[in-house]
Amino acid sequence: MVMSPTKLAAAGAATSEFESAVSTRNISKNYGEVEALRDLSLEFPRGQLTSLLGPSGCGKTTLLKIIAGLLEPTSGEVEVNGKKVTGPGPDRAFVFQDFALLPWATVMRNVAFGLEMRGVAKSEREAIAEKYIKEVGLAGFEQSYPHELSGGMRQRVGLARALSVDAQVLLMDEPFSAVDEQTRRKFQEDLLSLVQNENKTFIFVTHSIEEAVYVSDQIAILLPRPSRVHEIIRPSNFRDKGVDNIRRDSEYLDIVDDIWASLRTYVE
Amino acid sequence: MLNRSLSLKLLSAVILFAAWEIAGRIPVSFAFPTFLESMDALIRMTRDGTIFEAYAETLQPLVVGVAISAVLGIGIGLWVGLNSFFDWLFSPIFIVMQAAPLAALIPLLVLAYGIGLTSKVLVVCIMAMPVIVLNTSSAVRNTPESIKEMGKSFLASDTSIMLKIIIPAASPVIFAGLRLGVSAGFIGAILAELKITPTGVGDIITYSRSIADYPSMYAAIFSIILLAVLFLNLLERLETVLFKGNQRGYVSD
Amino acid sequence: EPIRIALAETPSDELAAFFVALDRAKANGLDYEWTAFSDEELAIQAVLSGQMDIGFGTPYSAMQRSKAPLRIVFQLSKLKFFPVTTKKYSSLEDLNGEPILLHSRGGGTDSIANVIEERVGMKFGDRSYVPGSSNRVAALLGGRADATIIDLSNKNKLMRSEAADRFNVLEMFDVEASDEALFGNLTWIQENEAQVDIFVKALVSVWQDMHKDPTIVRRETNPDGPIGQLPKEILDELDGFYADAVAGGLYDPNGGGRKAAMADMEWYSAAGQLDGDASTLNIEDFWYLAPLDAASK
Amino acid sequence: MIVFGYRLPGMSSLLVWGLLWEIIGQMKLTFFVPPLTKVMATLFEVIATSAFQKALAETAYAFGAGVFFAIVIGIPVGILMGKNRLLDELLLPWVNVFLSAPLTALVPVLMVLFGFGMKSIIITTTLFAIWIIILNSRAGVKQINRSLVEMAHSFGASPVDAFFKIYFWAALPEILGGVRIGIIRAVKGVIIGQLLISIVGFGALFELYSANFLMSHFWAVLIVLFALAFSISEFLAYLERRVAYYAAKR
Amino acid sequence: MVMSPTKLAAAGAATSEFESAVSTRNISKNYGEVEALRDLSLEFPRGQLTSLLGPSGCGKTTLLKIIAGLLEPTSGEVEVNGKKVTGPGPDRAFVFQDFALLPWATVMRNVAFGLEMRGVAKSEREAIAEKYIKEVGLAGFEQSYPHELSGGMRQRVGLARALSVDAQVLLMDEPFSAVDEQTRRKFQEDLLSLVQNENKTFIFVTHSIEEAVYVSDQIAILLPRPSRVHEIIRPSNFRDKGVDNIRRDSEYLDIVDDIWASLRTYVE
């Protein structure tokens, strides 16, 4: 396989030119007999979006939950802003694949839920929630219940909830997989502008190669269990060509093809 | 279409009551009064207040029993659902209790607790409680993992997870258990009045039967069924008011 | 076609003599089957509606109200009931205004209470109803009641137990009226005269033999029958039970007859189950005496 | 429950309760609770008597017949309600009423209408079981994935084919669930019937033993009955699990 | 908007150079108050793959079911091979989005189900099913149950079932939307070779613009309710460039962008 110029050597390689917001060091995770992750190290540069890409069951969700502090690694450690992670913390927010909305609560209460848990007073948290509801384009739906919204709208509620707690790191587990393709394209464009405008670190899990290449500053490719980082790709040159042109940039297409070539053998 | 469903409901009621009336006129049995006779008896009993006195008696064990079963049942259910040791220890008891015909215990209850309110309340409780406990515990156990995780990732304390996530999430199933429990409680209350000591509505039923006043007996039976159905509808309303968004089940389904 | 008998309780010690009589009747060619109902009212209703041929109970109010031609053919037992109280009370007068436990509304103990009120000139307080003398004994023992009316065998059991010194059996007048009687629909009785005769004859013979020797009940009990199959604990007490019963005059060796009928009419009018003055009532409206007369010859 | 790395079997805690029972019994706290060992000894005695076997036969007969009618009537009615809107709207309110109504209050009516023997007990049993069977069969038909029906239709399935090859199988998990709950209710129904109507079968044994204070007999029969009810419900739960693999995936 | 050379004028326009296997004429469909399709006419050339593309709820499924004979149009008519459609027929087979497999039946029985309904004898239909099971790459799974298969494998069962009845027209309603992205890419390539090798007419509904452009000979774009054909696109020039190059062909990319431009406004 020809190494493209944007492809770095395997795990742990020099990303030192960037400051890391999150770093995972020698993470292993066993579920009983099943070895999901083995000795995985990876740096997530601050203010950028890193995608985790890999075949189904390779441990992407596991890694994300370890970073979130929802799972304990069997060995190894995670640092966020130089501090070791021991559990969930206010510096990280999670966007769930299945939205994880409270079905009995209105959009307003769902978005404000993170703040409610942090003990923010009602009027204040509703003001903040209001702002983010508007930001994700759901103004007017504050009093609706989740079951009254479409899949895409529900995912936006989850996003607004994660944004409203103002965490520095956003962890997103296949956030767009439950919405239809065209909506998804829209979301990808929105996500790009979000990364640009908010100075946050995004960690993004997806199954879609195009999506990963389209939205990421850095892509970590994981191979099947026990997973380690197979390669890290930093698409760098087409970032500035504007939303409309990325998808026809030849570097973009090269990267997609390369990734496809390396993952293809693991599909079914 | 609300009109269609309402008018069909009325139609089916009319069909049933007409069938009753006709069967009573044939008559299928000398001890089978017509619908109108029964309603007449019901109105008479309502006018002279017998029915209210009777319900004052019947509702005592029922209300006390259902209240105890609900509070204790939900409490134990939460406890069993959240703690694997108590689950191991208590679940089998309630599983056996739910499957078993507890009516058989009535003679024993009478021996142990006499014939007063206590035994009757106990009959209501043993009928109502198992299903409430089992529904609550399974609802708690089945709280979707992802919303619990969501709570944790947003730094919810254990109490908040319990109060703001687990209980609301479990509430539809808990309410379903409550409904089943209340209806079993009604069965128990009537059983107690027929089997332990005839008081209240059970007394009207047995006494009217013993003096061959069948319209009154049917009126009493009709009224207790009506009351049970009304009560359960009320419970449903309460649930809708309390947990509005739950009506459509889980969004993540 | 077998005759269908409606019992008013499950077969137990009190029915042992009855089953002995059934066995004797069977030997004389009576074909029968029985069903136990949970109370007397149901047995009466079953006979009324023709689902059963002959039943247990004292259906006086049903006879008068339903106008169905029910007739009694045999008095099985008398209303031998005993007011038993804790030491708090020592006579019936003391019970004025006091709560009491009885069997069921409109039942035998209820009528006893009514007659007591009338004769003694007092009024009980709250009446609560607990079917089963044994259950009322349990309530007494458990301290949940202070006064009740119970049957002979339970009175004896209680007064022989260690707890006897905590209770009084109050003095009461003698009652000749029926507690349990055998009755059927007159039309049916007349159509099946032969069967009924065999049956009543067997009853009379057992009732008379029993008065000579109460132990014949135990001895003649068919070990494979419903009584013979009872737990040993119950069978062991049969002799004692029947000795007490005979001594206490619970059973009339002659099956009641006219004497019982008169007593019943008087008693049940006084108790409020029969409307009208006892003297205006007609024996033939309540009893059918032919089988008993035939058996007594 | 996991202790020292071993998973304790689900029902094993009953042993603990049994032990507690034995201790309370041995302490002679109350005559209502004789020691479990004594109850078990009585149990073997009782099982051998013909009175017990007769009670068992009578109860089994009433139960079997009641459940049979509940199933044979309930499932077709439920399926029809699921398929026919008018029928559904006419019957559903009553099914719901009878599902939650205190059926014990109806027992006196049954006695009047159907007599005082086995027939009424069987009907009581049926009434306890049938409503939930109807409701579940109906729900089973209602939730059938539209695309399965369309699929069969698109391949030219006849209505009969569709009924036997799609509807019945697709509704089977719900139907079985309904039958299981129905049967549990039927066990209660048959005992309530035996206690309230004519005292036969196990109802008669309970009355007899409690009236004569034969506590260990009482408990022995109770244990047998509980065990029977429990095994029946577990057996049906097992059948339900057999089809569970597709219940979630229709 | 610049008209690309491959874009034809709106509905009903000259596709006369091809023979039509299926034609829909002036189809309207109302669901009570809701007008889903209005006066829609469209030709489906024989031996080619036509995609229906449009925002959610525009009536794609409705149209497909009308063609399948599962729904009656309110007005208008459908012809398949010159014969008017009055109900389902052996000339059309449906591949369902949610697979519509019988969960209680083995793969073998599922694949043979279409033939079973046509009254083919057991041994014969199993022989045919066997062949198609092999063809879609499921050999060895004949006795497995659907729940033991992955999403991708299930969809292949549905495909084998549709193929085994040997219908001339295959109707596919978002057949790949329930399988993961990487498997989906594989399926798209398989589909292309299927179109090439079997002389069948495919009608394909999708939400994915890339997918539509990648696999189609003709794309019909529908706009929101009441739906009519907005435009018909016939990507013609990149067909022969080989699987690997299509995705970077500039015509391909132009078409994708064009379609996105016209659909974008309707997304959420």
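Going by the order they are written in, the chains are A, B, C, D and E; count residues from 1 in each one.
Assume contacts are C-beta pairs under 8 Å (C-beta built on N, C-alpha and C of every residue); 3 or more make two chains touch, one makes a residue touch a chain.
A quick map from chain label to UniProt name: A, E = NitT/TauT family transport system ATP-binding protein; B, D = NitT/TauT family transport system permease protein.
Source: prediction; values computed, not measured.
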{"item": "Shared interface partners, meaning chains that touch chain D and chain E", "value": "none"}
{"item": "Chain pair, most C-beta pairs within the contact cut-off", "value": "B-D"}
{"item": "Centroid comparison with chain E (C-alpha atoms), farthest chain", "value": "C"}
{"item": "Centroid spacing, where centroids are CA-atom means, of chain A and chain E in whole angstrom", "value": "33"}
{"item": "Intercentroid distance (Cα basis), chain B paired with chain A, Å", "value": "49"}
{"item": "Interchain centroid distance [CA atoms averaged], chain B/chain D, Å", "value": "18"}
{"item": "Chain B and chain C: spacing of chain centres that average the CA atoms, whole Å", "value": "39"}
{"item": "Multi-chain contact residues (two or more partners), chain B", "value": "29, 31, 110-111, 206, 209"}
{"item": "Of all residues in chain D, the ones touching two or more other chains", "value": "112, 195-196, 207, 209, 211, 213"}
{"item": "Interchain pairs in contact, sorted by label", "value": "A-B, A-E, B-C, B-D, C-D, D-E"}
{"item": "Chain C contact footprint on chain B (complex, rising order)", "value": "29-31, 110-111, 114-116, 196-199, 203, 206-207, 209-212"}
{"item": "Sites on chain B touched by chain A in the complex", "value": "144, 146-147, 149-157, 160, 164-165, 168-169, 171, 243-252"}
{"item": "Touch list for chain D against partner chain E, complex", "value": "145, 147-148, 150-157, 161, 165-166, 169, 172, 243, 245-246, 249-250"}
{"item": "Interfacial residue positions of chain E with respect to chain A in the complex", "value": "55-56, 137, 150, 152-153, 177, 180-183, 185-186, 206-211, 244, 247-248, 250, 253, 256-257, 260, 263-264, 267-268"}
{"item": "Residue ranges of chain D in contact with chain B within the complex", "value": "1-2, 8, 10-14, 16-17, 30, 32, 86, 89-91, 93-94, 97, 99-109, 112-113, 184, 187-188, 190-192, 195-196, 202-203, 206-207, 209-211, 213, 218, 222, 225-226, 229-230, 232-233"}
